[in-house]
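Here the structure comes first, spelled out in C-alpha cells, and everything after it is commentary.
By written order: A, B, C and D. Residues from 1 in each chain.
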Amino acid sequence: MNDKSVKVAVVGASGYTGQELLRLLLMHPCVDLTAVTSRQEAGRKLTDLFPRFRGAKGTESLAFMAPDIDAIVESGATVAFLALPHGVASEFAVPLLERGLRVIDLSADFRLRSAAVYEEFYGAPHPAPELLEQAVYGLPEFYEEEIKSASLVASPGCYPTSILTPLVPLLMAGLIDPESITVSSLSGVSGAGKKADTTLLFAEVNESLRAYGAPKHRHLSEIEQELSIAAEREVKVSFVPHLMPVKAGIATTIFCNYLPSSETVSEEVGNTLQTAYDSRPFVRILGEGNFADTKNVTGTNFVDIGWVVDTRTNRLILSSAEDNLGKGAASQGIQSFNLMNSLPETCGLLNF
Amino acid sequence: MNDKSVKVAVVGASGYTGQELLRLLLMHPCVDLTAVTSRQEAGRKLTDLFPRFRGAKGTESLAFMAPDIDAIVESGATVAFLALPHGVASEFAVPLLERGLRVIDLSADFRLRSAAVYEEFYGAPHPAPELLEQAVYGLPEFYEEEIKSASLVASPGCYPTSILTPLVPLLMAGLIDPESITVSSLSGVSGAGKKADTTLLFAEVNESLRAYGAPKHRHLSEIEQELSIAAEREVKVSFVPHLMPVKAGIATTIFCNYLPSSETVSEEVGNTLQTAYDSRPFVRILGEGNFADTKNVTGTNFVDIGWVVDTRTNRLILSSAEDNLGKGAASQGIQSFNLMNSLPETCGLLNF
Amino acid sequence: MNDKSVKVAVVGASGYTGQELLRLLLMHPCVDLTAVTSRQEAGRKLTDLFPRFRGAKGTESLAFMAPDIDAIVESGATVAFLALPHGVASEFAVPLLERGLRVIDLSADFRLRSAAVYEEFYGAPHPAPELLEQAVYGLPEFYEEEIKSASLVASPGCYPTSILTPLVPLLMAGLIDPESITVSSLSGVSGAGKKADTTLLFAEVNESLRAYGAPKHRHLSEIEQELSIAAEREVKVSFVPHLMPVKAGIATTIFCNYLPSSETVSEEVGNTLQTAYDSRPFVRILGEGNFADTKNVTGTNFVDIGWVVDTRTNRLILSSAEDNLGKGAASQGIQSFNLMNSLPETCGLLNF
Amino acid sequence: MNDKSVKVAVVGASGYTGQELLRLLLMHPCVDLTAVTSRQEAGRKLTDLFPRFRGAKGTESLAFMAPDIDAIVESGATVAFLALPHGVASEFAVPLLERGLRVIDLSADFRLRSAAVYEEFYGAPHPAPELLEQAVYGLPEFYEEEIKSASLVASPGCYPTSILTPLVPLLMAGLIDPESITVSSLSGVSGAGKKADTTLLFAEVNESLRAYGAPKHRHLSEIEQELSIAAEREVKVSFVPHLMPVKAGIATTIFCNYLPSSETVSEEVGNTLQTAYDSRPFVRILGEGNFADTKNVTGTNFVDIGWVVDTRTNRLILSSAEDNLGKGAASQGIQSFNLMNSLPETCGLLNF
C-alpha cells in the first residue's frame, strides 16, 4: 500500500460484478481492501470462492464477512462499492452515507432522477427517494465534475453505457432525429448474474441466440433519461437486448435518421465524436466503416465506437462494444472512484 | 431406394452448404445420389472428408468427382443442386439446363430479376442474364406453384429468408410502414463458408461479436426486391449483419412502424401471420411476447417467428430464427426439390 | 402410426436425457408416445418446455403428466423409459414391471450385479436388490440376446459406453494387460444434467476445462464390472472425467500396455475390433492413426474408435467418441427398445 | 519509461504468441519496445492489426517493421524475443547474439541438448548446433541461476511446462515410478497458431474435441529430456495432446504409479511440491482433492497443480493448468527476461 491508498469495502462481492471489482481492486495501486462482504459466503476465504485470485497481494488474509454496517465502518473503509440487487443496495447506501462513507452503487437504485419512473420500471416504490437529488449518474465522460465531489455515485447499467456514449454527443449536436432511434444490443451471459437458473446453463446458451426483455427492459428508463437530457426534449427509443453465447461483452448496433446532408454527415459525426472524447481515455473512436468487436474490450474499461452512413435510407448506423462487467459495471465504478479520490482517472484501469 | 427415387447430383459439395445438403440427401427416402463433385476433393471418398457420414446408406461407394458436365449427365441425375460461389454457379447451370437437368442453385446468380441490380451489388456483369426470366425465387412459402414447374430454382440467401418470412405478409396486408424498416441479423460462422481465413479461426471468433458488411450487404438486393413486390412499391431497408460465435443459426430482429392502432396491431399481426402460414409446415408462429431462439431451429428447415408491440414508440419488433445452412440454404433447396418432384413438401425434412 | 407401433411412456422427461429421448421417439416410425411425465412440469404442453419439437407429429396434444403409475399403465404403454435420478428410478421400475410393462432404465439403479458394490459407490443400500438378477446391462453390442427378451434393461452410463466398447474385445482377446489401464474422459455439460447449479452456468464453463470426480467416480463400478467379465479376472482402472465446454459429446483416451509384439499389435488390435463390430451398425472403427472427434457423433447413436501404437513405451492408446446423450444414454436405450420389440436395431436411429 | 527500462525487440509479432508478448510488454513498467517485426505486416500500424492495444502507452507510434537484423540492432534493443517457427528462429538468433543482443527464443530451436534428438523429432538437421551448449532451458522454476546470466534462453513449449512442473520435483524425490507415466493434455486453439487452416475454423472446433499428434508429438523430446534429468535415468512417457474448444488454456492430467505407501503418499507429494515451489511466485499448489481449472490461469503466468491418490490402483493422478500463451509461452519468456535484467521476477506479470 502506498501513501495515497484509499480504504475500500465491497458489499456483495460474490457475484460476477463483485468478482470483477475484486479483480481490479486487488491490482489497483492505490486501494486497500478492508472489507469484502457476502451474505452466503460469509466466513469463507476469498481465494476459496475465487481461486483465480490466489497470489494477489493481500488475498491470503482476506475472507468474506457478513454484510454488517458496523463491521464495514470499523474496517476503516472510506469508500464502499455496492454490488447488490436493486432495492437491496439502498438498504446499505443509506446507513453507510450516514456513517460518512462515500458510496459507489452499481445497482439501479439511484440512477433515475424520478422516483415515479423508478416505480414504473422497477415495479415498486423507490426505497430512498430522498437520496435521488444528491446521487450523481456515474458516467465520467459526461459527469466528471459532479462525480469528483459526489458522496453517492449511481454507476450506470451495462446496456446504457454502450448506448449513451455514441448517442449523447450526436443528440447534443443535433445531428440525428431523436424520434428515429432503434437499438439492438447483445450481452454476454455474465450480464444475467451468477444465478442458479437453468436458462443460463452452458447447455442452454451455447449455440443459441435469443432476444429477451423487449419492449420495456428496465435499462430503458435510464437510457431515455440521459438521451432526453442530451436532446433537451423527451426521447423514446426502441431497444431489444439479446443473450449471446460469450462470457462477457456487449455489442450494440444503433439505427437512426441523420439530419445533415448525406455528403457531410460522416464528417460531422466523426468530428463531433472526436471532439467529445478527445480527452477521454476510455472512449476509442474507430472511425467510419469500422465496427466495434467485443473481443477488443473484454477485461478493459474501454468502449469502442464505429459507424457507417447508409445514404440509401438516410440512416446513420452506430456500432459500440464494451465489457458488460467492465465499462458496463465494475471498471466504470472504479473510474468514478479514481475521480472521487483525486487519483488519475486511468489509475489501475489501463489493462489490455 | 424406392420407386419414387430421384437421381440427384450435388455440384460443389465440399463446403458447409454442400455438407448439409449431403447430410439431408443421404437420409432422404426418395433420393439417389449419383454424383457428388468437388474440384479440390476429386477422387477422395466422401466419408474421408466427412467422417460423420460413415454408415449412411450408399456412402461406402461414394467419392467426390471433378465437376464435369458430361460426367454429371452420365450419372443419370435429373436434378442438380449447385452449392457454388456466385458467378461460378451459372457456368454449370447453363449447360446442365441445356442437357435437360433441373437445377436448384443455392448461389446468388439467379435470385435477382434485374441484371443491373446484380451488377450493382455483385460488382460484375451478370453471367447469364438470359436465364433470369425463367428462374424462380425458391421461397416455397411464396412461390410454391412456380417452383413446382420450374427448371431453374434460385434458392434464397440465408439472411433474406429470415427477413422475408416475417415481413412479406405484413407488407402485403399494409400493416407496417415500408419506409421504417431496420434489421439487425446475426449469423453463425458457417455462414461465412469453409474458407482458410484467419478472421474465422476459433481463436478469433469465440468470445467475440462483431458487425460487418453494412450498409450494403449483397443480400440487401434480394431482400428489397421481394419486399418491394410485397408492398407494391419500392422498399429500402437498413440492414446490419453480425458474426456471432455459434456454428450455425441466424437470429433476426426487425424494427418497423406499425400502421393500425396500438390496440389492435398485435391481433392484426398475429392473424395475418397465422393466415399466411397456416398451411405451411416450416413456418412456426410463436405468438406475441415470444422471441425466436436459434437453438430451436438448428439442423431443421423451420423458421420461427415471434413479435412484441412497442406502443411507447409505435413500433412493431419482429424476431425470427432459422438455421443458415437449413432454411437459409440446404434444406430450403430440398423443400423446393420436393415440390418440383411431386413429393410431400416435408419429405426428408421433418428433423428435430 | 403404423401397425408395428409400440406404445411408449417416458418417465422423467424434462431433463436432457428425457429431452433427447423425446426427440428421437417423436421421429421414430414405430413409436406411439402415450405418456410423458415430469413432476415439475405436470400440466404443461410438451412444446412449451421444448419449442424445438413444435411441428413434430403428435406434439400438439402431448402434455407432461405427473408421474403416476396408474396413469402410465392406463395410457396403454407397454414399454417405459425411465430418465430419473438413481434411487428414484427403482421406485418406478418395481411397480411398472409388476403391472406388466417392460422397463428401460437409464439410471444407475440396475447396472450392477452386486448390491454391495452399488452401496459402496452410491452410498446407500440398493433400493430393489431382488431385481438385480433379472436386469440386463443394456449394451447391445455385448448383450443383444439377453436384451431381446429382457423385462428390465439397465442402460449403461455415458462414460462406460465410451470405455467398454474399445476395451472389452481387446481384453477378451488377451491383447492388453488388465492392470495397466488409465482412462481420461471428457464430457459435454449436458452430462451433468439440467440442474440449477451455478458451477454449470455458461459463464463458468466457457473457456474452462476441469477434471472432477476422480479417483472414484460412480461410473467406475460398472466399468470395472464389465471389464472384469471380459478379462475373466478382476480389473481395476484409473479413471479421470473432465467437464469440457461443449453441449454434448464424450471423448475418451485410454492408455494400456499391449501384450503382443510391437510388430503385430496394431494389426491384431484392428482385426479384433473389426471382427467384434463387423455386424454392429453403431460402432465405427476408424483404424490406426485416427482419433475420434466428438463432432462426428453428436446427435447420433454411433461410437467411433481409433488407436495408435506407442512402441517407445509398449503402450496402446485408444480413442473413442460418442454423444453422452446419444450412445451414452437416450439413443442407446432406444437401440435396446428396438431389439426388445423385434424391430430393426437401427430403426429411427440412423441420423447423421 | 523509467530508469530501469530495457529496450526490447519482438521478432515475429503477428501471431498469437507475439500478440500476447506485445500485450504484456506494453503494460510492463520496465520495458521500452523499440522494434516489432512481422514479414507480412511490415509497415502496418500495430493497432491496425491489434485494435485491442489502442490506448496503450507508445502504441500510437509503433508500426510493424520487416525482420531486418540491422534495423533491430539500430533500434537500440538489448533483448530480443523471437516468436518465430522452429528453424526460422535460429536464423535470427545467431546474428542477434553476434551483435550483442540477448535472445529469448520461444521456438523449439534451442530447447534440446542433443542435435540428434532435435533431428529425430523435428525431421531436419539442427540449424545451429554450436549454440546448444550455451542455450539455457527457460523454466525459471528449475534454471533460475542459469537464466540470470544467459545470453540465449530457450523458452519451453506449452505442453512441457504443464507436465514438468508437477512431475520434476516428484521424480527428483523418488516418489513415482518413472516407467509408469501417461499424460493426457488439452490445449486451446491458439496453441495451433494463427494459421489459415480450415481445421481450425470456429465451425470445425466448436462442439468438437479431438486428440492429435500421438504417439510422438514434438514436445515429447523436451519433456523426456527434462524428466530424465530429474530422475537421473532415461524416462519415456506416453503423451496424448487434444484440441479443445477454448481460445487459450492447457489442462494436463497425469497418471503414474506412486512408490511410497498409500498411507503417506499424499502427504509426501504435498510436502515435496510445497517445498519445491514455496518461494516460486507462479506455481500455485491447490492441494489434494483439487483439480486445476484453466479458467483460473488464462491471461496469467500461473501454473496451478492439484492431485488425488487412487489407492485402489496405487496411482497418483496429477492435474495442472496454465495458459498456453502465458506460462506456456509469452509470460514465461518475460519471467526469464525479468531474471536476466535483475528485475523482480514478477515484474509486469501479476495479472489476475
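In this section, a residue touches a chain if its C-beta (ideal position, glycine included) is under 8 Å from a C-beta of that chain, and two chains touch if they have at least 3 such contacts.
This one's a predicted model, so the numbers in the text were calculated from it and none came from an experiment.
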Chain separated most widely from chain B, comparing mean CA positions: D
Chain pair equivalent in interface to B-D, over half of contacts matched, among A-C, A-B or C-D: A-C
Averaged-CA centre spacing for the pair chain B and chain A, given as whole angstrom: 39
Interchain centroid distance [CA atoms averaged], chain A/chain D, Å: 36
For chain B, residues that touch 2 or more chains besides their own: 188, 204, 206-207, 245-248, 293, 295
Chain contact graph, described as a line, ring, star, complete graph or other shape: complete
Interfacial residue positions of chain C with respect to chain B in the complex: 23, 26-27, 51-57, 206-207, 281-282, 284, 286, 293, 295-297, 299-300, 302, 304, 350-352
Parts of chain D lying in touch with chain B, wherever the complex brings them together: 16, 188-190, 194-198, 200-207, 245-248
Touch list for chain D against partner chain C, complex: 182, 184, 186, 204, 206-212, 214-216, 236-238, 240, 242, 244-249, 251, 253, 255, 291-295, 298, 308-313, 315, 317, 319, 321
